[in-house]
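Chain IDs A, B, C and D follow the sequence of writing; residue 1 opens each chain.
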Amino acid sequence: MAPAPAGLVRALSAAASALEGSADELNRLDGYAGDGDLGITMSEAARAVKDALAASQDQEAAQLLSTCGAGIARKAPSTSGTLVATGFLRAAKAVAGSNGHGVDILEQAFVAALGGIQARGKAAVGDRTLVDGLDAVCTSLRESLQAGRGLGEALHFAAAAASGATDKTVDMEPKVGRASWVPQRAIGHPDAGCAMLAIALTAAAAEVTAAGPGTRPGLIC
Amino acid sequence: MAPAPAGLVRALSAAASALEGSADELNRLDGYAGDGDLGITMSEAARAVKDALAASQDQEAAQLLSTCGAGIARKAPSTSGTLVATGFLRAAKAVAGSNGHGVDILEQAFVAALGGIQARGKAAVGDRTLVDGLDAVCTSLRESLQAGRGLGEALHFAAAAASGATDKTVDMEPKVGRASWVPQRAIGHPDAGCAMLAIALTAAAAEVTAAGPGTRPGLIC
Amino acid sequence: MAMQKIINEPKAFVDEMLEGVLLAHPESLRAAAPRVIVRAGGPRSGKVGIVTGGGSGHLPLFMGYVGFGLADGVAVGDVFASPSSEQILEATRAVDGGAGVLYLYGNYSGDVMNFDLAAELALAEGIETSTVLAGDDVASAPAGAEGRRRGVAGIAFLYKVAGARAESDGSLGEVDAVVQRAAAGLRSMGVALSPCVVPAAGRPTFSLPAGEMEIGMGIHGEPGVRRGALEPAHQIAEQLVDHIVADLPYKAGDEVAVLVNGLGATPREELYVLYRSVHAALAAAAITVRRTWVGEYATSLEMAGASVSVLRLDDELLGLLDAPCDSPFVVKR
Amino acid sequence: MAMQKIINEPKAFVDEMLEGVLLAHPESLRAAAPRVIVRAGGPRSGKVGIVTGGGSGHLPLFMGYVGFGLADGVAVGDVFASPSSEQILEATRAVDGGAGVLYLYGNYSGDVMNFDLAAELALAEGIETSTVLAGDDVASAPAGAEGRRRGVAGIAFLYKVAGARAESDGSLGEVDAVVQRAAAGLRSMGVALSPCVVPAAGRPTFSLPAGEMEIGMGIHGEPGVRRGALEPAHQIAEQLVDHIVADLPYKAGDEVAVLVNGLGATPREELYVLYRSVHAALAAAAITVRRTWVGEYATSLEMAGASVSVLRLDDELLGLLDAPCDSPFVVKR
């Protein structure tokens, strides 16, 4: 049993910190047409991730992702929290059953997460949710795989794709969740869940790039 | 059956108007240590008096006072309203059973009112209530009687006595009613019920003096 | 401050409220006269009638306690103002079942005078009455001057006791005696966190800056014993319990019923947070809580705050508290 | 705006509230797991269990509906936040009497996901579940999109119906069917007059200037359909009833039960003033009110405002509404 790579631990930790630091911003975005609590929820989720990381010394990647998912499900059981937890749990399964090494396994993890989130939340691409962002991320990772990009570079491309998807939601009508109750009030602002994904991925990418030569490059194994 | 004298009707009407006009002031005074509703109550009482006056054409004085008392009891059943109603009802009885003409019958009416109010409210002179004002008014009317003053003059002296009694309450501790729950908060302000009596009497006195030669001078009969 | 109220003309507030109540609960309540509400079934012959009354703006007080196992009739005053003796007399006539009528209400001088007047008029008509005043607010007068204290939420326990004893066919003297005993062992104290607005006045009854509280404030906004910075729930609970326990005094080993009452705007959740510490403070004094009521039993329109009431129990009182009661506002099984 | 709240540490609010509830009502409620509250008596073998849950801050929703003739267990979330699937699963296990478990809660995506997840886990353990969502708020999605509507105070009627049918030993399918029928004929709409403050946030959930109101606002402060000048009670009533009646549509001759619910700070008196006009508006549409509930059945902390819910009745539903129920928060005889 190999312990989880330091790159994964650092990426998750950086994403968690970025979400905690963006709590007010996320509350504000969720407040336009939702109930303004996404920042609170994601702070809880971030704390669950950090708790999992603190106890991760001997865990392999799949187990760590699964611990994160279970913790988020317990501590942050809102819509986005439950979906993100589902994503972690599905990613954990995908990773455990794979022989991939780099971008390939990252892509498998995200595709599995997206599948789980869509099964649970029943949102389609275009409904103006974090599914839009995840879908763009999966597409980007597939392209990076084909283009033979390295892990760090692929992560930057994925973060950019999530940001781009977030920008596109500004003009979209929400079709599911709280925001769908007053769809017109959402227009003109980006979807909060999508923005959350972009913030997390941007922080993860920056961290992995910044990781010095002493750290292992691999993210999953 | 003689109809009520015009002087009585005008005096009561003037007192009622003065109380309506002082509603905010009375609420304010009652608010220092009471519940701040004396102005509301006295406005209701004033309306009851005006209703009684409007239907008074053929009533004699005792009946008019009794109608006022019943109306106040029905419309303004707070502490002060109930006491004032009791005063009117007792005054009506005193007036009906008397052969007085001027200051003598006025004195009898006020003594009866004071007796009824003390029987109902159980406040002694010095407890910082409208009983203090009424007691001073009774003393003043007795003096006016002995000094052979006319009705108008006696009323002015009575109003002055009520004002003087009100001033004295500023330094007194309340012993009964709402204000007794926080006696220290009343100190420095006059008792609201006492002030109410002074306002009513002052207006009545001014009105009786201002009444031209066309009006009958008698107040009660 | 505009009035954030769901009302029509402020002057019509009380009468429209009454119309709504009668439309909503025709099977339970009826008007015996204007602003006089009695149980729909009419008086049960031989049962002691119970009449209460007081100002509006305190629901479920007073009207909410008209029902089976509670009171029989109520005289409804204007907001925060006494009903008239005429209304009280009408209620007395309507509930008289030949066994006499108990007057049970709060110790406010306007109410006392009007109930006393009604009692004289009722006696002249051959209806015997007896009076018990709730004067449970320890903040309103010192020990030794209990007779001057105002009545607050603790009266809910007295209705329960009185109504249960009357339903079990106690005589007027028996009902009076047990309610007097309950009243003698009943103490309350409250804290206000924000004022309310009387519709006809249109202004707050008092001003209390955000971040402050007033301990001992009365349910009409009568000034309390101390104003200061808002404290945590456990400190509020400890102060209220200290005042209450010191006053009777309750003894170690006593069994009590406790009521944590919301004044209007305070969420039920906060009342339970408060009760948690009330329970602990009583336990620290070796006083055992046998029954707990938490909710809105006596309000002051939309005032924020709460009060704590403690009733010393004996076997009879406990049994009467546990008897069923049923009004559109207060139900116990 | 400081928080005028009787609390200790905001973070401890939900757990201290729960401690208070369990101290106050040990004969009625017990904790089956952290933040999982069930009836003290445990599951009755052969009876369908009913589990509900949702965010805190809405008392008596959701916990207050755990009792005889109502629900059996509740998963308690943070303020305005869903409980976890783990809590729901614990509640499910604790109330299972072998006849299956009904999930009855409000249509919020966080809650839906967690209840669905719990249902999958329960089924894996051999406990059959069935789900009915309250989605009664007509302001939250247009006709044709009923499935997207959020649940508000009308769920009180659904608990009553579900609980009564389960107590009379209906099968899971029978209980589910009658509650679905009730839910299909249930519509609500509300108006908010002031925001509330979530303790952990410390700020109002939204801002609403004095003198304004928001029609159709959700119970967590979700934006409504129209904001404007505060209107008289009768105009508010007419608008709410118009939206509700137009939506189902209720037909002339229909018989209904009506709930006028206070959101937290609005006095009971105002609810009755509102009901007076609701009754008139329904009568104008030739709809007969057979039962009326007025009070706080689903709150939003100290939010000011009210909602109106209308349930179309048939004989079975009327009978189930009239059956007794008994929880520390909701009692009907």
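In this section, a contact is a pair of C-beta atoms (placed from the backbone, for glycine too) under 8 Å apart; a residue touches a chain by one contact, two chains touch by 3 or more.
Small disclaimer: the values here were computed from a predicted structure and weren't measured.
Student: Check every other chain and keep only those touching both chain A and chain B; list them.
Tutor: Touching chain A and chain B alike: no chains returned.
Student: Look at all chain centres (mean of CA atoms) and spot the one farthest from the centre of chain B.
Tutor: So the chain farthest away from chain B turns out to be A.
Student: If you average the CA atoms of chain B and of chain C, how far apart do the two points sit, in angstrom?
Tutor: 33
Student: Need the CA-centroid distance for the pair chain B / chain D, whole Å please.
Tutor: Centres of chain B and chain D (C-alpha means) sit 56 Å apart.
Student: Residues of chain C that touch two or more other chains: which are they?
Tutor: none
Student: Could you tell me which residues belong to chain A and also touch two or more other chains?
Tutor: Within chain A, no residue contacts more than one other chain.
Student: Chain touch graph shape: choose line, ring, star, complete or other and state it.
Tutor: Line.
Student: By the touch definition up top, name every chain pair that qualifies.
Tutor: Touching chain pairs, listed by label, come out as A-D, B-C, C-D.
Student: Write out the stretch or stretches of chain A touching chain D in their complex.
Tutor: Residue list for chain A touching chain D: 31, 33-37, 40-41, 73-75, 77-79, 81-83, 86, 120-121, 176-178, 180-182, 185.
Student: Within the complex, which stretch of chain D touches chain A?
Tutor: Contact set of chain D toward chain A: 77, 80-86, 108-110, 113-114, 116-117, 139-141, 148-150, 200-201, 205-206, 218, 220-225.
Student: If we count contacts the way the header does, which residues on chain C are in touch with chain D in the complex?
Tutor: On the chain C side, the touching residues are 1-2, 4-9, 13-14, 16-21, 23-25, 56-57, 59-60, 64, 191, 193-194, 210-211, 213, 230, 232-234, 236, 260, 264-276, 279, 292, 294-296, 299, 301-302, 304-306, 324, 326, 328-329, 331-333.
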